[in-house]
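Both complexes below contain subunit A, partnered by subunit B and then by subunit C.
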Partner chain A sequence: MEKIESAAESRKLLNKITNDLTRSIVKKDELTRFWFFILIMFVIVGLWGWIVQIKTGLGVTGMRDYVSWGMYIANFVFFVAVSLIGFLISSALHLLKIPWAKPISRVAEQVAIAFVALAGIIIVMDMGRPDRFMNIFLHGRFASPIIWDVTVITTYLAISVLLFYIPLIPDLAILRDKMSDKLPKWQLTMYKILSLGWKGSAEQYKTIYHAMRVLMILIIPVGLSIHTVTSWLFAATLRSGWDTAILGPYFVAGAFVAGTAAVIMVMYVYRLRYGLKDYFEDFHFDYMGKLLVFVCLVYLYFNVNEYLVPGYKMKEADGIHLNELFQGNYSGVFWIVQVAGLILPIFLLLFSYFRKPLPISIISFVVLIMAWLKRYIIVIPTLEHPFLPVQNVPGIFQHYSPTSIEVMITIFSFVAALIIISVLAKLFPVITIWEYASEKGIDKKYLTENDKN
Partner chain B sequence: MEKNTRRKFMKTLGASIGVASVAGSSSLLNSCAKIESNNGDKIKLLTSSGELVEVDKSQLKPAEMPSLTEFQKRGREGLPGKSWVMVIDLAKCRNARQCMKACQNHHQLRPEQHHINVLQMQDAEHTAPYYMPKPCQHCDNPPCTKVCPVNATFKRDDGIVLIDNERCIGCRFCIAACPYSARVFNWFEPRDAEKYKGVTYNIEANVPQKKGTISKCLFSADRLRDGKLPSCVSACPNGVYWFGDRNEDAVTNGTTKETVNLTALLKQNAAYTLMEELGTKPRVYYLPPKDRAFPFQEEIKNDH
Partner chain C sequence: MNNKISYIIIAILFLSVQSFAQEWLVPGDQRNIKNPLEYNLDNVQKGKDLYLKNCKSCHGDPGKNNALPLVPPPVDITSEKMQKNTVGELFYKITNGRGGMPQFKTNISEDDRWRIVNYIMNFNPNREPVLVAAPKVKAKIMASVNEKERKVEVFAEHEVKGKYSSLGNEQITISAKKYFGNIKIGEVTTDNNGRAEFNIPESLIGDEEGNVNMVVSLGEDYIAEAVLLEEAKVGQNKKVQKLIKPGILWSTNENIQIWLLLSYIGAVGAAWAAIAYVVFQLIKVKRLGKTEH
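Our next item is the complex of A and B:
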C-alpha cells in the first residue's frame, strides 16, 4: 500500500470514507422503518405461536414419538452452520494474511452473531419444558453431547461478539467525536461508553492488534467444535444415516457452503442499500465466488463419501434410508439439493460472469435455501425409519409434516436473525473505518483529529 | 384368620390408594377419619392395577404416602440386591394385547402411547411372521441414559432404566438415541391430567404423567417394590412372559405362576436378545417363535 503524504489529501479521503461507511448509521428513511415494522410483525406472530405451543404442548407440531425432532432441529443445525462463516472469514483468512477478506470481516461476524444466537433460541423453543431450562446448569451431566454443545455455542457467541466489538473500538471513537451533530444523544452516549476512552495512541493500537490475534486463534478450535459437536448430536446415536464417523467434517464442510452464501447476500444488500460499491467491490464478489466453489467442492467430496460408501453396501437399515433419499419420498428434495445446491453453483461459478455481484447473489440465495433443505433431509428421513416397525399408532406418527405453528416459529427465527443483523448495521459501521483507511495509506493520526474539514 | 387376611388386603389396598392416588381420595379419606360407626356404607375404588373394587367405608384409613423426596430417593436407589430380567416367549404370543392394555392403565397412557407394543414382525422375505411384544429392553449399556443432559433418565443398581419427570427438560435426545423405539413423549396434556392433579409424582410408575416430558416402560418398578410382577406380565393370558431376578437365577411366569431356572430356560430355548449387534446388552430375552400353535392372522405390513 502506498502512503499518502499530504495532510489535506489524507483528510479529504478519510472524510469520504467516514461518510460512506457511516451512511448506514446516519441514514434514516421510510424504508428502514418499514423494514423493521415488517420484521417486528413476524416476530410477534412467531412468539404468539410459541405461546400456543407452550400452552397446548409440543403436539401442536408435526412431531410425534418416532419423528421426535423436526423442523426446529433442522433450523438449529442450519443456524449453527451459517454462523461458522465468522470463524472462516474473520479468523482463518485473516491469519493466512489474505488481504481481500478484511472488509468482509464485520459482515461475517454480524452473520455469525445473529445466527449462533438464534441457534440457542430455537433449541429452547424445541424443548418440551423450557421452564426447566436452568436444569441444564443445575443438573448438567457432562457425558451428554448437549452439554458440550451448550458450552461451545455460548463460548463461540462470546468470542464472536468480542471479535466483532474489539476491532470496532477505534471506529466507535470516530463516531463519538465526529458525529455529534448527526446522531441522537443516547447513541452518542452509547458510543462514548463502548469506545472505552479510546485516544488512538500507538499503545492502544498494539493492545487491539494483540487482542484480535488472540481471539482469532481462540475461535478456531471453538468454531470447529460448534459444528462438530452439533453433528455428534446425531452421530452419537445408532440410527442409519446419522451413525457415521464422517459426520463431523461433513457438517463443517457443509457449514462453509451455507455461510459463504449468506455473507455474499448480506454484502450485496449493503452494497446496494448503503451505496458501498467502492467498498464491497466487484473483485470481492469474485473472490467470494471462488471461495464458494472451493467449499462446495470440499462438500461435494464429503457427500460422495457419505452416500456412495453405504450405498455400495446397502446394509439393511442403511438401505431403507438411502432408498428413501434416492428414489423414495424424499428423492425430489434430495436430488434438487444435490444439483441446485452443489453441482450447479460449482459449474456456474467457474465462469467469471456468474461471479459478478448480482448473479452470484442470486446463486447464493438458491444455495442458502438448498442448504436449509439439506438440514431438513438430514434430520427427518432418518427418524421416519427406525430399526423396528412403526405400528399401532395413528398415521401422523409415521410421516412427519410441519404444522403452521412450526412454520411460524421457523419464520420467527429467521426474522429474528435478520433483526440482529439489521440492528448491528444500524449501530455500527459494516466495514471498520480505521482499518480501511490504513489500508488506503492514511496515517492513523488523522483518525483521532477532532477536525471535520 | 379370615379377618386377618381381610385386614391385610385392606392394608395393601390402602397403600395402593396412596400410590395410585385415586381421584378425590384425599377428601374421601378425610371423611373416613371421622366416621368409625357408619358401617355398611360401601364405596367403589379403583386399585393401582385398574380393578374396580367395593370397600366398606369404615375400613378405609389414610395411607401413609411417601413424600416426593422419599419417592425420588428410593426411586433412584432401586431394590437392593436385585437384578431384574424379563423373558418373552414368542412361541406363545397370539396378539391378545392384554399386556398393552394393563400397561396403559397402570401408567395412565393415551391410546397411542405404548410402553409395551406388540409388533408384527417378519425377519426376512420368506420367513414366517410372528408377534413380538416389545417393552423397554432395560439395556445394561443404555444409549438413552448416556445422552441425557440433566440425568433425568438413569440406570439403577437393580438394572431398571427409569425417568425422573420432575427433572426432564423434554429435549427428546433419548428418543433419538434409543434403537428400540421404546420411548414415548407427552406431546399434549396427559390422559386424565385433571383427575390426577396435585397427586404426588411417583418416579417408579412415572405417574402422574407430565406434559412435555418422556415416558417409557419401567418394569412396573412400583409393583416390584410391593412384591408383585409387572402389569404386563400379570395381565398376559397366554404365558408369554417370565419375569425375575438374575441374581436368584429364577424367573416366574406371569400366567401360570410357575417359577423356573433362568439359565436353563434361556439355554433350552436358544434365547436371544434384540439387535445384540448394537452392543446395548438388553435385559429382555426372547425365546424364538417356533412351534407356534396358532396361525398369524393378519397380512404382514412392511412399515419400517
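Our next item is the complex of A and C:
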C-alpha cells in the first residue's frame, strides 16, 4: 500500500470514508423503523410462545420420551455452527495475512456474537424448568460434555465480544469526536465510555494490536473447541449416526459452510442498504465465493466419509438409521440437503458469474437453509431409532414433528439474532474506519485530529 | 402378613372365575339359625381380635371404608349391606365364602366364627353395642438411643385428670423409618414407672454408614406424638453395590477421570487467564489515554 503524502488529500479521503462507513449509524429512515418493528413483533410472538411453554411444560412441544432432542437442539447446533465463522475470518485469515478478509471481519464478528448468544438462549428455551438454570453450574458434572459445551460457549462469546470491540476502539473515538452534532446524547456518552479515552498515541495502538493478536490466537483453539465439543454431545453417546470418531471435524467443516454463507448474505445487505459498494467490492464476493467452494468441498469430503463407510458396512443398527436417510422417511430432506446444500453450490460457484454479489447471495441463502435442515436430520432420525424396540407407547412418542410453539420459538431465535446484528450495525461501523483508512494509506495522525469545520 | 398375601392371591384367583354375583343367597334353614353364643363383652372382644387377625386385611377398619378394592367389594362391616344380614346369614357366608371372600370353615372354629358374628353385630343399629372404643388418652413419649449399649430408653406418660403421670404396663413399638413407611423392629412394655429399655437387635441394617432413623410410638388408644430418633448409629452398614463404573463418560463428579478433570480445568483456566490478560490491556489503554497529552 502506498502512503498518501498530501495532508489535504488525506483529509478529504478520510472524510469520505468516515461518511460512508458511519452512514449506517447516522441514517434514520422509515425503512429502519419498519424493520425493527417487524422484528419486535416476531419477538413478542415468540416470547409469548415461550411463556405458554413454561406454563404448560415441554408437553407443548413434539418432544417425547424417545425423541427428547428436537428442533431446538437442531437449531442450537446450527447457531453454534454459524457463529464459528467469526473464528475463521477474523482470526485465521487475519493471521494468514490475507488482506481481502480485513473489511469482512467486523461482519463475521457480528454474526458470531449474534449466533453464539442465541445458541445459549435457545438452550435455555429447550429447558423444561429454566428457573433451575443455575443448577448447571451448581451441580454440573465435569465429565459431561454438556458442561464442556456450556463453558466453551461462554468463553467463545466473551472472546467474540472482545474481538468485536477492541478493533472498534479507535473508531469509537472518531464517532465520539466527529459526530457530536448528528447523534443523540446517550449514544455519544456510550461512545465516550467505550472509547476508553482513546488519544491515538503510538503506545495505545501498540497495546490494542497486542491485545488483538492475543485474542486472534486464543480464538483458534476456543473456536475449534466450541464446535468440536458440540459434536461430542452426540459423539460421546453410543447412538447410531452419532457414534463416530469423525464427528468433530465433520461439524467444524459444516460450520464453515453455514457461516460463510451467512456472512455473504449480511455483506450483501450492508452493501445494498448502506451504499457500501466501494467497500464490500465485487472481488470480496468473488473471494468469499471461492472460500465457500473450498469449505463446501471439505465438507463434501467429510460427508462421503461419514456416510459411505458405514453405508458400506451397514451394521445392523446403523443400517436402520442409514436406510431411513437414504430411502426412508428422511430421504427427501437428506438428498435435497446434499444436492442443493453442497453439490450444486460447488458446481455453480466455479463460474465467476455466480460469484457476483446477487447470485452468490441467493446461493448462500439456499446453502444456509440447507445447513439448518442438515442439523435437523443429524439430531432427530437417530433418536427415532433406539437400540431397544419401542413398545407399548403411543405412536406420537416414536415419531417427532415440531409443534407450532416450537416453530414460533425457533423463528424467535432467528429474529433475535437478526436484532442483535441490526443493533450492532446501527451502533458501530460495519467496517473499521481506522483500519480501512490506514489500508488506503492515510496516516493515523489524521484520525484523531479535530476537524475545524 | 403371610395370611394377607395368601388371601390376596386367593382373591385374585377367585376373581378370574368370579360369577357375576349379585344376590348372595343363603339356604332358608341356615338363614334363621340362632347364635349359640351369648352376645357379651367377652365374646365381642374375642371376635374383634379374630376379625383383626383374619378379616381386616380385606374388609378394613370398621367404619373407615378402607377395604381392598376388589370386585365385588368386601364391604365395611358397619355398612348397611353387611348389617342387613341375619346372624345366620353372616355365619353361613363366613363359613362357606364365595368368590373373593374365602371360606373359613376349616381354619376358624365354629365358636370363633360365632364370636366374629358377635363382633359384627356390635355395630348393628338395632343393638346396644357392648364394646365401645374408649376415648383416646393424651400421652407423651420421651426416648433416646444409647448407641454404645445398643439400647433405646423410653419413658412414657399419659394424662390423668389434667395431669401427666407415668404410663406403666403399656406396649411401646419401635420401628425403623424407611422411604415407604415404617418397619417394626420390636416392642417393649413399660414398667410401673413408665420406663422401658429396648435392646436393638444386632441384625438391624442401617444405611451405608449403619445409621437408622427409629420411630418410637404408642398404640392406637393414645394421642401421642411418635418420637423420631434420627441417624442412630446402631445398624449394620448396608452394602450398596456401586452401579456406576469409575471413569465412565457422563459420570458423576466422584467418578471423573483425573486426566479429564485436569484437562478441563487447564483449558478453561488458560482461556480465561488469556481473556483476563486482554481485559487488563484495555485498562492499560485507558490509563495511557489519561496520562498522555
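In this text, the second predicted complex is superposed on the first by the 451 of 453 C-alpha atoms of A that agree within 3 Å, B and C clash if a C-alpha of one lies under 4 Å from a C-alpha of the other, contacts with A are read in each partner's own complex, and residues count from 1 in each chain.
Criterion: contacts are C-beta pairs under 8 Å (C-beta built on N, C-alpha and C of every residue); 3 or more make two chains touch, one makes a residue touch a chain.
Everything quoted here is computed from the prediction, not taken from an experiment.
Asker: So if we stack both complexes on subunit A, do subunit B and subunit C clash, or do they fit?
Answerer: Here the two partners, once superposed via subunit A, clash with each other.
Asker: On the A-aligned overlay, A:Ala143 touches which partner chain: subunit B = first, subunit C = second, or both, or neither?
Answerer: both
Asker: If you stack the two complexes on chain A, which partner ends up touching A:Gly128: first (subunit B), second (subunit C), both, or neither?
Answerer: Touch partner of A:Gly128: subunit B, not subunit C.
Asker: So, does A:Arg239 touch the first partner subunit B, the second partner subunit C, both, or neither?
Answerer: In the superposed model, A:Arg239 contacts subunit B only, not subunit C.
Asker: With the two complexes superposed on chain A, say which partner A:His210 touches: subunit B (first), subunit C (second), both, or neither.
Answerer: second
Asker: Could you say whether A:Ser6 touches subunit B, subunit C, both of them, or neither, answering first, second, both or neither?
Answerer: neither
Asker: When the two structures are overlaid on chain A, which partner does A:Val390 contact: first (subunit B), second (subunit C), both, or neither?
Answerer: Only subunit B is touched by A:Val390; subunit C is not.
Asker: Do subunit B and subunit C touch any of the same residues on subunit A, and if so, which?
Answerer: Common to the two interfaces on subunit A: residues 141, 143-145, 236.
Asker: With touch defined as at the start, can you tell me which subunit C residues reach subunit A in the complex?
Answerer: So the residues of subunit C in touch with subunit A come to 248-253, 255-257, 260-261, 264, 267-268, 271-272, 274-275, 277-279, 281-282, 284-286, 288-290, 292.
Asker: Quick one: which bits of subunit A touch subunit C in the complex? Just the residue numbers, please.
Answerer: 141-145, 148, 151, 155, 158-159, 162, 166, 169, 196-199, 201, 203-204, 207-208, 210-211, 214-215, 218, 221-222, 225, 236
Asker: Contact residues on subunit B for subunit A in the complex?
Answerer: Going through subunit B, the ones touching subunit A are 100, 112-114, 117-121, 134, 143, 146-152, 167-173, 175-177, 179-181, 183-189, 211-213, 275, 278, 301-304.
Asker: Which residues of subunit A touch subunit B in the complex?
Answerer: 56-59, 63-66, 68-69, 126-129, 132-133, 135-136, 138-141, 143-147, 150, 233-234, 236-239, 320, 383, 385-394, 397-398
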